[in-house]
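Questions regarding the structure given below will be posed in turn.
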Amino acid sequence: MNGNELKNLLRLVRESALGVEEAADLIRESSYKNLGFARIDNQRGQRLGRPEVLFCQGKTAGQVRDIVNYMLTRGTNILATRATREIFQEVSKVCLDAEYNEAAATITVKRINVDVPDGYIAVVTAGTSDIPVAEEAAVTAEFLGNRVERIIDVGVAGIHRLFDTIETIRSARVVIVVAGMEGALPSVVGGLVDKPVIAVPTSVGYGASFGGVAALLAMLNSCSGGVAVVNIDNGFGAGCVASAINRLK
Amino acid sequence: MNGNELKNLLRLVRESALGVEEAADLIRESSYKNLGFARIDNQRGQRLGRPEVLFCQGKTAGQVRDIVNYMLTRGTNILATRATREIFQEVSKVCLDAEYNEAAATITVKRINVDVPDGYIAVVTAGTSDIPVAEEAAVTAEFLGNRVERIIDVGVAGIHRLFDTIETIRSARVVIVVAGMEGALPSVVGGLVDKPVIAVPTSVGYGASFGGVAALLAMLNSCSGGVAVVNIDNGFGAGCVASAINRLK
Amino acid sequence: MNGNELKNLLRLVRESALGVEEAADLIRESSYKNLGFARIDNQRGQRLGRPEVLFCQGKTAGQVRDIVNYMLTRGTNILATRATREIFQEVSKVCLDAEYNEAAATITVKRINVDVPDGYIAVVTAGTSDIPVAEEAAVTAEFLGNRVERIIDVGVAGIHRLFDTIETIRSARVVIVVAGMEGALPSVVGGLVDKPVIAVPTSVGYGASFGGVAALLAMLNSCSGGVAVVNIDNGFGAGCVASAINRLK
Amino acid sequence: MNGNELKNLLRLVRESALGVEEAADLIRESSYKNLGFARIDNQRGQRLGRPEVLFCQGKTAGQVRDIVNYMLTRGTNILATRATREIFQEVSKVCLDAEYNEAAATITVKRINVDVPDGYIAVVTAGTSDIPVAEEAAVTAEFLGNRVERIIDVGVAGIHRLFDTIETIRSARVVIVVAGMEGALPSVVGGLVDKPVIAVPTSVGYGASFGGVAALLAMLNSCSGGVAVVNIDNGFGAGCVASAINRLK
Amino acid sequence: MNGNELKNLLRLVRESALGVEEAADLIRESSYKNLGFARIDNQRGQRLGRPEVLFCQGKTAGQVRDIVNYMLTRGTNILATRATREIFQEVSKVCLDAEYNEAAATITVKRINVDVPDGYIAVVTAGTSDIPVAEEAAVTAEFLGNRVERIIDVGVAGIHRLFDTIETIRSARVVIVVAGMEGALPSVVGGLVDKPVIAVPTSVGYGASFGGVAALLAMLNSCSGGVAVVNIDNGFGAGCVASAINRLK
Amino acid sequence: MNGNELKNLLRLVRESALGVEEAADLIRESSYKNLGFARIDNQRGQRLGRPEVLFCQGKTAGQVRDIVNYMLTRGTNILATRATREIFQEVSKVCLDAEYNEAAATITVKRINVDVPDGYIAVVTAGTSDIPVAEEAAVTAEFLGNRVERIIDVGVAGIHRLFDTIETIRSARVVIVVAGMEGALPSVVGGLVDKPVIAVPTSVGYGASFGGVAALLAMLNSCSGGVAVVNIDNGFGAGCVASAINRLK
Amino acid sequence: MNGNELKNLLRLVRESALGVEEAADLIRESSYKNLGFARIDNQRGQRLGRPEVLFCQGKTAGQVRDIVNYMLTRGTNILATRATREIFQEVSKVCLDAEYNEAAATITVKRINVDVPDGYIAVVTAGTSDIPVAEEAAVTAEFLGNRVERIIDVGVAGIHRLFDTIETIRSARVVIVVAGMEGALPSVVGGLVDKPVIAVPTSVGYGASFGGVAALLAMLNSCSGGVAVVNIDNGFGAGCVASAINRLK
Amino acid sequence: MNGNELKNLLRLVRESALGVEEAADLIRESSYKNLGFARIDNQRGQRLGRPEVLFCQGKTAGQVRDIVNYMLTRGTNILATRATREIFQEVSKVCLDAEYNEAAATITVKRINVDVPDGYIAVVTAGTSDIPVAEEAAVTAEFLGNRVERIIDVGVAGIHRLFDTIETIRSARVVIVVAGMEGALPSVVGGLVDKPVIAVPTSVGYGASFGGVAALLAMLNSCSGGVAVVNIDNGFGAGCVASAINRLK
């Protein structure tokens, strides 16, 4: 409920067209639903331009099912990330048209159409092992109403593979670069394109990669100015940021 | 030199309009100038939509002066970050119209006009101590051709200050949020606006802030999906990313 | 055995009403029971105002059972934390009225009544995944003789949910705030209420949350002055501190 | 401005006793003062039961002076922490009755009386080197309207010194324990008293103390349930929490 | 082969009582046996006053069996640490009198008598969960020819339990203190006894104990001068050092 | 495709012996094969003197099988590291002569002969538990065309074992030293031989070895000048570097 | 005051030879002196076999002077560590026979003779830069009544230097080994001598030595069983432990 | 003194051509000189193919001067690293032909000629700020008898600069790559050349570069197989390893 809506409501109160108690209730009810174990943020779509997304990790299959069940009553599209197959099966009991993406570990329910702008998001990976994180990013971006181009396995150990695909990357409005190990690819891409680069470190690697810390630090220290970073393996976050950028008018 | 330019050059070679050696020289010379201690990247403007920026830390005052001196011959605008007053004085010897911004620790030389789009970048700080990093971000963004709105000292300890300025933040095309200590502000802002949020952790704090690590980790772990992060105190990087976003057509 | 008790005992010795050896034995026996693998601290209730609580992690089911068995002979109430269902089944063999709380992973035995003061403790969580830690805190506080109000899922990504419940939080005598990921909620709450805030970081999160370290650091660096912190996932500790505060006269 | 105040204001608006714009201004002006480089939180006293405290680190002497100057016009008492002597001298130019505490590095201005409850706060240190942090805690607590008892140098290397003072500690309503190096004292105290214990790790130590990290971790892992922790060297935070506890009715 | 033995051998060579090749062989053969996957150090007993001990972690059951089999031919006593029951069963095939200690996870074979001095080693634990590490230390010390006194569960949360057993600790020649969590016990003991204290941090704890790091740091930073530390969970190392001390003449 | 090849191709284009489009295709096709989930780098043999090696971790068995299947069509030898037995079985379906090395966890396919220079690589381990990493290094080096001498279990706890084998180590052209725990062996070897030493820390150890970090740091800080280090457990990397050195002409 | 002394005192009380209040005073006064900013532990000599040692870091010169002044009245010998020359000059004002050791940064005052046993402590360093820490250890050990043999600069980069001095090391009753960088020397020494080895990591090194952490970890992970470790640069602690060992009867 | 030399000496002893004591002295004296505060390793040239190099950090100017003075008597060339100008001035008092390299912070004395092989070492830097570390590497390599080619400022932000110089790099026998910040350059170079690559992380950077840790981790995790790493800022170590490789026959 933004400033103008609030002023309108105040005017209605002044004109006695609306009672004080009713006004208070309206403000409260427009905002969230309390399920006891969770409060579903019904304002998020209006506030952030995207519906609340379900992060399944740390929730029981029953909790996810109940949240989905409630959201269906609101008629929104639904995206659940970090969803196991077991969770998907529980969700399927209340939602027959839910779809599961194994690689991305996502559940999606599509009920309403979202407009999709002309520009696209490039999702680039350094290696094959980075695909699950890249898929989470791509599915998220597509869910939020974006076209996505995937460019897989163009890491710096064979940098000619990158140069061969660079025009596709340059023509995107925003680039997501997913890499583990030494995390060098975002710096190289950031030095080659004039678009915002969202870097996603992955936990791919061993030894002193420390579960993605090596890649994370490399990306934060990128000598290329136009690179911003999200959390390790956080494909969802990268998809959100890229969508917010790509959908700017 | 992009793909089309390369094909044109190849055609000239085929038509014997250009010699093989000359073609090789042209490719090389269009790219950078070797000063011995540095190679100035002359392609950067074309490639990244912004000129090479001088990062002064780790360079001697004489090296910065010589690089500026060369860049002046190219006629580009110049931005030098992390510049001490001593470096500014050395630069002033070869460039009378160089300007020094004490808070941001930047040197700027403006020789050509850059077009500025309508939308603006909001630069928000949690506290007063975050101002130097915010200024580096703002100066960088302005140098690259953007309007900037500064909103200072609206951290979560008195969150009503944020709500009072939220409309200005919401109306920006992209938001830079600068915060030290617990670094909570980007999460709160990210939950309130539908624009991309670039979070900048600062080294403001003491004890277990570990020079900005606490804020950095908080920002990477933001529960708000639309937040991307740059390095600690890296106002320059935030300004670059925000500019790349704001100047998207 | 405090100073006055000691002086009384000394007087009895001086008056030959008590032998030297007997006096030494009395001092020793009033203090703890040696079970071989554990020494049960029988003074704790007198000293700390709460009985010894059993921390099950690292103990075998048989050891927990034997300790419970001994404590039953003392007639005290019993609380065991970090208890698996397997441990509960072993304990049930010697104690039919033991109760198991699955979410909190606690076993409780109630034999004597504890007086409960009027004021209450608010237990607030940022998300649904924080519930187990919050339950450990709430069960501990209730066991120690406190009323508890639970406010679930009011994290900063949808901060209006917090504001809707703020009066319940403000009316508590002490507030426990449980949060993972970026751990921002205690700072926001600490800036809104005039009561002591006990922050509990949880290991909820992924990537650079490092098992709760990100939240822990954020809470330690809170810009709100009135926040103190306990260990990651340490609901028990938070319950103890909050009880000590709430039960102050 | 709490819920009741808001409803009253809404009623005035309904009754046309207050214009919509005026109502909006009133809400805004009651909350903070924007000095450009800082927004002074005028609501803090009402909201948190204590005035905004000035954290000087990262601020220029001029900025501190200007903030003090403004706060004097509000007639509140003033506390500035982490204040160098140079800052104090700048502040003295606008406030003749400002007092400087060298050990605590604090500036205080006392203009109005604060009621002081009967109970007191015990501030305990492990060693002599912990005194500056303990003083910051004690000065903060006294500023906020509390009696303080100081018990210095009773660390575990000579634990009989602690036992000799334990009755004074036990009789406090809340205990602040300040320790560096191995940070063991809060655990020992927490096992001996039934009052809330606020532990403050200090950066006293060398080698693998890592600037107070060793003490911080020890305190977070205290086997005594009733211990909560604040940031390294954060005497101010400990004073705030202890005051919030001690002043509970 | 010490300096005198070498000189004797040289004299034999000079007197032609020993050939040059034979002398070289003798030196080599007295030192170790190469099993291909391991070189058994036959000099260790002479050099270090204790036989080579088998560290099973990272070795296959077959490798341990083969090493034991070879050592049996040398007629020495055998100690294997970090041995699973599966390894014990494999060893039992070649050595019927091998004994397994479940708590300590050790295998011992006793073939020759070791003299045992009068003084003893005290092995003290803070809690029940520290018993496995303490047992590894005690079994090692006993294997190397020492009397051991075990004092279990006297941690600082109920420090009177320590004082009740302090005379037994003081009368030892060397004290091993085993503790997890905040690791405070060695500092307290080190402040009470005039004997060398060997501290063993254990990985007992959760949250910010980081697998024993908190206890390790606390012990390294002990304010009591007479404390030295071994690796986390390294009961074996503590037993070795304590034995070397206790067996000094 | 190096500089001379490019000039030749340019000449062909100038002479109209080759079309512009055809030239572009040739450049592209000589470089890599896009399998969708991976881009096989066909230039690697020419560029790096060794074929692309398959790192199996993070890839599905099916992906490895498909990559092997494609590489077989190129007729190169194949090395796959970090291969489980399950992956080997999948690979065996398309390649009957694939060989599995259990200790090294490698799959090798030998189709063409590689010349082997006279000099050899010494692979030295500190203990028995370091064998798997040493085997990965040795298998890699042999695959790339090198003779290898293995010297097992000569760690510093019984340093005479090292001296007995030092001549074999000194006669190698390059030495790989594999060690866990305190990682001291490379420093000792580096002080005894005049050949390059490649140190490989292993994750062997416990407690404060932190999965090989202790050994890694020790090796990086070696006081012997001639030591370079690869990642923890990275036998493959050590084999590559040693091969590059040994095969220098 | 040990158990027997307490019983004697109790008997005196029973026999009315001592009043209850007087008995309580006696217990208190025998233990420490409260100087306000410090409590001098007068029992330490009796309890630990060594007087309280002054750790100067974090204390003002005036505080050190006052503590020395008080201790002089007790007639004990005095050792102050981490003493700057400025502190020494302040101490000299109240104690003319105080001696300053520049390398060790210690102040000593000798008033009474301490008996010195026959055995000696070997203090061994890896390099020249480790001398200051070794001197602190040696001065401490000598102050506490021990003979010390210094063996300087025998690190593993030239390991023959160690072997040349090994007999002197082997003949000591306890060995202190001081090393920075990779900290390998204690492991090598621990594999060569049958005496307890106290390892002292130093902050000597650069890059990834992290102020001595690399050496500390190496020492904790020593594959030689008989090594115990003290804090980084903690020569004092090593001297205390070694003295406690060497002076065992 | 290798095995053959030892056998010859043994034969002389057998033939009574050499006394037992004399033989022992000869072995000892050939190895090092004890200056009291340092033992100069006279065998190093024979053993490692390079003389002992003086690491000045942690040594006084007087100590360096005395060591140089002694080494001059041996007639060897001298290299001292991490030398301040103050140390150079002290050294100049005893050695008029000592030369100081300001950028590399090295002192060199050249007395004898070293043969220089045909192949060369390429020293490549990512940026201008990496020059001091690169110079230390280059000076060391030249001192040890190698030709060096320097390629400065070819980091990945403008990767065309690297490609322009790649033939010079490819033609070297071994490549040293020096980089700070994200440390990506060694991975890119390692993917382009078939020679061993020695990576040197530098402490250039800020924020989350943590003094070179980010670059170090990136290099250790390089996806290019042929990269080995030395310590942060350790140009000397890189020069030694590269020399050992380049001088292989």
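Letters A, B, C, D, E, F, G and H mark the chains in the order given here, with residues in each chain numbered from 1 onward.
The rule is short, and it goes like this: a residue touches a chain if its C-beta (ideal position, glycine included) is under 8 Å from a C-beta of that chain, and two chains touch if they have at least 3 such contacts.
Everything numeric here is computed off the predicted structure, so don't read it as measured data.
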| item | value |
| --- | --- |
| For subunit C and subunit F, chains touching each | A, B, E, G |
| Chain separated most widely from subunit A, comparing mean CA positions | G |
| Of E-F and C-G, whichever chain pair has more C-beta contact pairs | E-F |
| Remotest chain, subunit B as reference, centres from CA atoms | E |
| Reference interface A-C: repeating pair among D-G, C-G or E-G with over half of contacts shared | D-G |
| Intercentroid distance (Cα basis), subunit H paired with subunit E, Å | 40 |
| Rounded Å distance between subunit A and subunit H, as computed from the means of their C-alpha atoms | 49 |
| Averaged-CA centre spacing for the pair subunit E and subunit B, given as whole angstrom | 58 |
| Residue list for subunit D, restricted to those that touch at least two other chains | 127, 157-158, 191-192, 207-209, 213, 216, 220-222, 231-232 |
| Chains that touch, pairwise | A-B, A-C, A-D, A-F, A-H, B-C, B-D, B-F, B-H, C-D, C-E, C-G, D-E, D-G, E-F, E-G, E-H, F-G, F-H, G-H |
| Subunit B-touching residues of subunit C, taken from the complex the two chains share | 126-127, 155-159, 181-184, 187-188, 190-192, 205, 207-210, 213-215, 217-224 |
| Contact footprint of subunit E on subunit F as seen in their complex | 127-129, 131, 152-154, 157-158, 160-161, 164, 180, 204, 206-209 |
| In the complex with subunit C, residue positions of subunit A that touch it | 28, 31-32, 36-39, 41, 43-44, 52, 57-59, 63, 82, 201, 203, 212-213, 216, 231-234 |
| Of subunit B, residues touching subunit A in the complex | 2-3, 47-50, 53, 167, 173-174, 191-198, 216, 220-222, 225-232, 236-238, 240-241, 244-245, 248 |
| Residue ranges of subunit F touching subunit B (in the complex, touch as defined) | 7, 10-11, 13-14, 16, 20, 23-24 |
